[in-house]
Each structure stands twice: as C-alpha cells, then as structure tokens.
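Please find the structures below.
Note that subunit A is present in both complexes that follow, paired respectively with subunit B and with subunit C.
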Partner chain A sequence: MNAYTSVLKLRFINGLQYRASALAGTATQLFFGFIFIMIYVAFYSQSTGQPSISLKDLVAYVWLQQVFLSIVALWFRDNEIFQLITSGNIAYELCRPCRIYPFWYAKLIAQRVSNAVLRCFPILAVSFLFPQPYRMSLPPSPAALILFLLTLVLGLMVIVAISMLIYISVFWTMSPTGSSLMISVAGEFFAGMILPVPLMPLWLQKIAYVLPFRWTTDFPFRVYSGQIPTAQALWGVLVQLLWFAVLLGVGKWSLSRALRQVVVQGG
Partner chain B sequence: MSLYFKYMSILLKSQLQYRASFWLLTFGQFFIPFSVFAGLYFMFERFGHLRGWSFFQVALCFAIIGMAYSLSECFSRGFDAFSTLVAGGDFDRLLVRPRSTALQVLGSRFEFSRVGRLIQSGIVLVWALDNLPITWSFAKVITLILMIGCGVFIFTGIFILTATLCFWTIQGLELANILTDGGREMAQYPLNIYQKWVTVFFTFIIPFGCVSYLPLLYILDKVHGNKILYMLMPLAGVLFLLPSLLVWQIGVRHYRSTGS
Partner chain C sequence: MKERLIELQGISKSFKVAKRSAGLRQAVNALFVREHTIVEALHNISFSISEGEIVGYIGPNGAGKSTTIKVMSGILVPDDGSCTIMGFTPWKDRTAYVKNIGVVFGQRSQLWWDVPVIDSFELLRDIYKIPVARYKTNLDLLTDILDLHSLLYTPVRQLSLGQRMRCEIAGSLLHGPKILFLDEPTIGLDAVSKIAVRQFIKTINKEQGVTVILTTHDMQDIEALTDRILMIGKGTLLYDGTISELRRRFGTHRIITVDYREHAGPVDIPGTSRLSWSPERAVYSVNTEHVLIAKVISRLSEQVELIDVTIETKPVEELIVQLYKEHQI
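Right after this comes the complex of A and B.
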C-alpha cells in the first residue's frame, strides 16, 4: 500500500510544478464559464414556463464544471501510459514489485487532483465575486456541502476507474486516438458537460441515468446546489459506490486478461 | 503556391498510410461538434427560440463558424503545433531554406481528419438552409462564401499570432485557447445575446462578429439601411490576417534558437 501512496504523493508534487500553465488555464476556464452562462441567461430570459433547474442552480453547475474541470473531464489523459503500452515499455512496468492497476490508478488520481488544486481556488474565489446573475451561490446547508465533497471524491474515483478502462482498451486496439475519442465524446455528453442533464429531454435523461458518466459530474454538482435533496443524495452515494465496485472489478479483470496475452515486441 | 500543394499531397499520403486510425479519427472528429450541436438542438427544443432567433437561424450561424474552424484547423495546423518546432530547434532548418517561413510552417502539417468536422458542419449548413425561408440572390451566395472564407482567415490569423508568441515564450500558451476554442464556442451563437463587452471585443478587435453575426443579418433580411456594408463585412477577416502576418515577420526577426 505504501508504494502506491508515495506514487500518489510524487505525482502530486510533480503536477504542482506547472503553475504558469495552470494560470493560463484558469483564465480560459473563467472565460468559458462566462460564455456558457451568458448563453443560458439569454435562453432563460424569455422562458415562460417553470424550467427544470433554476438559473441560480444552473450558474453554480456551470462554475463547478469549470472549477473542477480537471477532476471531472473524461478527456484528461495521460499520454505516458498510452506510450508505455504501444511502445512496449510496459515490460518495465511489469518488472515493478507492485501491481499495475493500483499503480496507474494512484498516478491518474494524483494528476487530476494536483491539476485541480492549482486551478480551483482562483476560479472559485473569483466566481463568488461576480455581479448577478453570474455569481456563484453558496450551498443551501452545511449538510449539502459535506455531501457535495463526498460525492465529488466518489465521482473522482469512478471517473478514474472509467478512464482506466480506456487505457486498458489500448492493449487491444493499439491506437489510443480513435476509440478513446469516441468514448470521451459520448461520456462527456452523458455526463452533462455539454448540456446539463436536467435540461435534456426526458428520454435522454433516462439514458444518462443508466450510464455511469453522470454520477461523476452531474450528480455532485446538483447536490451542491441542493437541487438533489439530502435524502436522495444519500441513495446516490450508494449508487456511486456500486458503480465504483463494478468498474473496478471489470478493470482489474480485463487488465489481467490483457497482461496474460501481452507480447512485448523487441526493444 | 505549387510548393504548398506539394506539401499537402505528401502529408495526405502519409496520413492515409494508417488507414484505420485515420478513419476512426475522422469519425471521432465528426462527433465532437455533433454532440455540441445536439446540445444546441435540445436547448431550442426546450426553450423554443433565443431572443428572436429561431433554431435554424442559429444552426446556420453554428455551421458557418464550424466550417471556418475546421477548414483552418485542417490547413493551418502547422501554426498551432508551432511550439514543438521552436522548442525542438527545428525552426532553424526552415530559416535556411529560400522560401518564406510562413509558407513552410503552414505546409509543415495538415490535419485531414478534420474533414469529419467539416462534414458535420456541412450537413448542418444544408439542413439549416433547407429550412430557412431565404429568397436567394447572387449577392447572398457571395456573402455566404465570404463568411466561411474570411472566417478561415480569422482563425488562421489567431493561430499565427499565438505561434508568434512562441518566439518569446518557447512553450505554447493555453491562454490562446480563449481566442480559438472560446471564439468558436461563442461565435456559434448570434453575438447579440451576449453582454456588450463581449460583443465589442469580438467585433472590433477579433472580428468574429463580422463573419458571423453581421452578414447573417443581411442573409436573413434583418438589416435596415446600407446592405452592401453588411455584405462586405466578412472582408474584415482579411484585414485581421494581414497584421497577423506582419507580427509574424517581426517575430521571426526576434527568433533565437533554443539550440537543442
């Protein structure tokens, strides 16, 4: 276990080195947040009926997306692992005295968290200062905040488990670009990153609810604004745990399958 | 110019060597804007219209910007990936050749898989045009072509500007994404739904508004007053490209090799 935590720590510190790039990313994400909110404000300004999510909650949703982008985005990838697999350097990884799945898992988590730590605070701080309607709102109760943090952490665990599957799939396809691009586009959409899940038509929402993707982003963000009440959120936590267990199981099983038939070509 | 086409055909052949990967990538590129477009469609399905703009009018706007973006990504990708050229010291080789640097960088890379994006935008364009009650005239067709063409100029101009920054920073800057990706996201919707400062910035400094919103008003017969002015608006894209090339020349003069 110790080896994995130190991988986590080292990667985390490594990730913290890229401060200038994080600053630039912060500005970009602020801009994107603004543009998205402006579009939603324009849509909402003329709506007559009762929308399925209030503008205030939607604004919080958009800002949280931008703040925690590197935690929740599926396209956030480690090309190192792809290269390991396609170039045959995976042989070195196999020589290490630790199992590959937790090793990569720790690595991926550390990357996302270090990236998010650098970026989230400036955006979060600024988003509370904007004039209405762009201002980020506070969660309605302390319980909602705690639940939000819990579900976000669980969401992170689920999304890394999903992305592990993408890496493992490269053992078979040998080309990271095509297959992973397709999965991330679909995953991104059903996670509500392009169109928030509450704004989707009902039949599409049903699909999104069945898939694991929305539990990583849409669910924590709606818990934050209290749009999903506490009692319901607790059930959601259970579903997240279930998904995590399933994805972990599938990931470990398919990795061991892949490693059994791995052929390292020369070197 | 013939050198440019030579570059293009060589790179096309080299990319087609990995056929399966190429088609998968093209296919994937088709779906990126497709999912964004689906989002737009569902928003309109829920809200009906957007400040007086109907779905197909916005879809037309979306398609034009999408086409301009994919074309410029396809052809001027060399500038986008320029930081690797500078960081690796490979730019030195371009300098000693007796051809213009801008042309060589432009020819250094083409992303033909962006055709996927182009096709998606093309389908949306046809669909939108088919459903809009536009009385076509020769001038309007010209305007439409100008919009796409000059949109390409603007995106290319931005790519060139950010590439020029690499002469000083060596690394590529993520900040530039505000102008390329951000500009694309933003210009997909008619500009008048945004706050004043956004509209002003993207009309007078980076003239996205001149290739999408303003001429669109003309095509959709929403203008009052001087129509020629709206029709010729896209030419602002050319005005944007020229100073970009000038800045590029200045940048090249400032270039110091990393030596690696």
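Right after this comes the complex of A and C.
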C-alpha cells in the first residue's frame, strides 16, 4: 500500500475508536440543528419580504451543516499535527522517505472522514423523521444528489487545503491559538456556517463569493437542495478546482519554506 | 581501510531563538513582529565515520549532540559546511537518503499512541515500501531479539517506557537501515532494559554490520558499546578518539584496595600514596606513569598476607569531567 493511503487507513481506524465522543457529538449536533431551525422558522413566520432562500432549502442547509460538520468545519483540527510541530516530534516525520504535505493531507482527510462516518448516518436518519417544518428534504433530482456528493468531496479537498495553511503557520507562530482562531472565525463566517450566505446582506455576499470558504460548505449544501441549479453548479465545480489548485500551490510552497528553516523544538 | 560512510566538513548551525511572553494577544502579535537572539549550536564540526563503527557522541546538555544528529538525518539544514553520508547530502536528497537510515529519538515517540504497536509498524512498512517478505523476516528477527512477542498487539499508551523504547527501536530498524542514529536511547530506562538495549545494539552491529551513532549521558552505555567517542561542548568538537586513549591521557591513576590478614602497622609502598589504612584493609592511589601495578602488588605481598586485591580505573565520567574542565565548558 502507498504510504499516503496507509496513513489514511491508520488515521481512519484511529478515529473510529472514539465511540463515546461520536455519540456525544451526534446528540450535540442534533440539538444545534434543531435550535437553528427553530430560530429561522420564527424569523420566516414574521418576514414580509420574499426570502432569498426557501425555508425548506434552509432546513436542508442547516441539517447538512450538522451532518457533515466534521467534514466542513474549519475549526475541526488535528491537535496531533500542532503538537508535532510545537513539541518537536516532527523530527520523526522528517526522517521518513515521504513528503510531508501529502502525508499530513492524507491524515487530515482521514480524520475528518472517520469522524463524519460515525456521526453522519444517525443524524441524517433522524433528520428525516422530524415533523415539518423541521424535516430534512430529499434533493430534487438524482443529478442534484450526484453533484452534491461531487461538490462535497471537492469542498473537503479545499477545506483541508485551507487548514493545511493554518498548520503550516504554526511553524512560525509556534502557537496554534492565534492563526487558527483568526482564520476559523473569519472562515466560518464567510463559509456560511454562522449565517447562511443567501441570508447575508448583498455587500457581504459579494465578499463571501470571492473568498474560498463558501465553496466548502455553502455551495455544496445549496446544490443539494437545487437552490443552485445544475448548470450553475458545474461552473462552481470549476471554481472549486481552481481554488484547490491555488491553495495546494501556496501550501506546498510555504511548507517547503518552513521546512528549510525548521527548528526542532525541545532538543 | 574501510569505506568512509559519513563525512562532515565544517558544519555550523545557529538558531534564532524567538522570545515572546505568553498569551493570545502576544501570539497574534508574534505573527507580525518577533524578537530573536542568535544561539550558535554547532561551530565548524568535522569528523568522519567508517562503516561498521559504533560511535558514542557525548557532551553536556545543550552541547549540540542532538542538533548534529538532526543534521545528519536530514531534518535540519546547517548554515554552513558539507555533509556526505553514503553519497547523499542529507538535507538535499532527504527523501532518497532517509530510506537508508534509522533514527531513534529517546525522548520522542514515532508510534501511534492509541493503536497497537503492530499498526504503527505496518504504517512504517508502507512508508518505507518494505517488501512483504523482508518486512516479515525483519519483524520476526526484531521481535525475537527485543522480546516483543507480547507487546505487538498492545496499544502503545499501555506500554511501560522500557517496553515502548524497545518497540521504538524495532520500528526504526524495520526497513533494515545501514546506519542507525540513536539519540539517548536509554534515557529513563531501568538497568535491565538498558542492558537489553545495549545487547541489541551490539548484536545488530556485529551481525548486520549496521553503523551506529549514539548520543547518551549514560557513561555505561559508552563503555559497554563504543570503541570511539566524539565529544562536543558548546558546539565545538573537543575530542575524537578511543576511550583507552582518553584514559591514557587523563587516567593514569589507579586505585588499589587490598584486604589482608590482620597486620600491625601501616605499610608504605614507594611511588604510591596511601589513602586509608586499617588492620585488615588499605587503599592506595597509584600513578602508573611512575610505578607499575605489578610491582606495587608484589611489594605488598612481601609485607602482608594478601586476601584480596581490587584495582579500579577512574570511571569514564570523571575523565569526561576532566575534559570539560580542560576546555572550560
């Protein structure tokens, strides 16, 4: 097996061990999903104007956020990599015959996926059972479903490429607190994790559209409900690929710079 | 003449040590402005090591031992100097080079904390692309000599330090490296584990011709394992040679303790100084440059009825302390 798939597998096995955490996470996410939808239901019932996204689509949006939280959330991070850098255990990673970027990338993907696998099915199943208007809806067409899965995978690739930059920044800052807090607060917001992008004021939407964050969450979730039509979604896939390429390039370049001046902490 | 495996020429490395106070605000500030002091960790280090040697690399804390190991294993890029190991420059050909070496950092862990040891080993197998057959023979061999049978299927977090260290060493040798770097492999181990680790290092050196470079603070490691020592202090190489040479330079004193049947008065032997005396036991200090041990003993046996004689050499530690003093470290 290839080193990168092998670390993916091991990280995946590792992630599947934490059953209690998965159970607690499932409960929390159901709770949050429910609360968010309650708020939107209240807002929508009082609204006089024409909302830019229908309540049904919004409910799907919120549930998908909760279901795939560990896939799309920027704050979801691997403390192990932070520790590798800050404690100096990176020494071991560096004396392996493989490149660090893909190695960590594989680790991060596996961590998110293993986490999501344990949680997504129960939440997804339950969300279809809630009474209206809380009930999760199916995508309008099989094409929308397939596009959703494609854009979600691409979104995962983009979000991991973004989070790699946070990890790499720790080489300079030595503290994950600063960089990860700044990026995740801004990133979460512009990804539509706090307020769905369609509900933002127009000027804010414009900012969100030029940043990479919304392509990881907002975009696939709206493709799911058909709020973004198929033709437009295909263009979006292209933009996702573009962002992925750019972030990958920047990440690899800055990592190689970081490694050239790496200091192994702790002697 | 054996082939020169490792060649270091004028390696220097200095670190910028960043300074900042604690706290989130400082951390954010540190993204933009930082203060540094420069610490010179290695200064013009040159040496070469031949195939099949076991070399002890010693020096006080912070002398630059680990830094040298990290330069040699391709982790750190030195500021200056050249290093050729098996034809590679470690930091330039990192991924190609590290296939040939194994590294153990005594105070770090390469094993995954929450999963059984064997899972980490299989990951290493894939990382090093070890052919299945060779992996199996190597694993069996290592399992036997390091006695890992019961440990392989235990999660790493449930192993004791000694057990874990044995697994760490096995992990670094799965791919059959030609050079093994050990950075304090016996740190924190009990006597039994230490002896097991030493025995193992000897075995792989003899049987598989693995070249071993080890750093340690444990002088027994050095005495038991190495023929040659390199001593470093404050980033400069202070001594490169054998332990016996070191002894010749500094250790011409011997302590002779003799037990004998009760004897009335103290006995003095010319060329020695008497450190203590009792009717049944005496301790002498002998400078072997002035008088031979054999002569001292034969003189003694003429005057008292000897029961037992022990001759002690100064422990290596003391020699090292003397070296430190000489170089004012």
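To be clear about the criterion, the second predicted complex is superposed on the first by the 264 of 267 C-alpha atoms of A that agree within 3 Å, B and C clash if a C-alpha of one lies under 4 Å from a C-alpha of the other, contacts with A are read in each partner's own complex, and residues count from 1 in each chain.
Following the convention adopted for this analysis, a contact is a pair of C-beta atoms (placed from the backbone, for glycine too) under 8 Å apart; a residue touches a chain by one contact, two chains touch by 3 or more.
Because the structure is predicted, anything quoted here is derived from the model rather than measured.
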{"item": "Clash-or-fit label for the pair subunit B, subunit C on subunit A", "value": "clash"}
{"item": "Partner chain in contact with A:43 - subunit B first, subunit C second, else both or neither", "value": "first"}
{"item": "First, second, both or neither for A:35, with subunit B first and subunit C second", "value": "first"}
{"item": "Which of subunit B and subunit C A:25 touches, first, second, both or neither", "value": "first"}
{"item": "Partner chain(s) touched by A:232 [first = subunit B, second = subunit C, both, neither]", "value": "neither"}
{"item": "First, second, both or neither for A:95, with subunit B first and subunit C second", "value": "second"}
{"item": "Partner chain in contact with A:204 - subunit B first, subunit C second, else both or neither", "value": "first"}
{"item": "First, second, both or neither for A:182, with subunit B first and subunit C second", "value": "both"}
{"item": "Subunit B versus subunit C as contact partner of A:256, first or second or both or neither", "value": "neither"}
{"item": "Touching partner for A:141 - first (subunit B), second (subunit C), both, neither", "value": "neither"}
{"item": "Intersection of the subunit A residues that touch subunit B with those that touch subunit C", "value": "175, 177-179, 181-182"}
{"item": "Residues of subunit C touching subunit A in the complex", "value": "15-16, 18, 24, 27-28, 30-31, 62, 66, 70, 73-77, 94-96, 98-99, 101, 103, 105, 107-110, 112, 114-115, 119-120, 122-123, 126-129"}
{"item": "Touching residues on subunit B, where the partner in the complex is subunit A", "value": "18, 20-21, 23-25, 27-29, 31-32, 34-36, 38-39, 42-43, 45-47, 49-51, 171, 173-175, 177-178, 181-182, 185-186, 189, 193-195, 198"}
{"item": "Residues on subunit A engaged by subunit C in the complex (per definition of touch)", "value": "1-3, 5-7, 10, 13-14, 17, 87-89, 91-92, 94-99, 169, 172-175, 177-179, 181-182, 260-264, 266-267"}
{"item": "Subunit B contact footprint on subunit A (complex, rising order)", "value": "21, 24-25, 27-28, 31-32, 34-36, 38-39, 42-47, 51, 175, 177-179, 181-182, 185-186, 188-189, 194-195, 199-201, 204"}
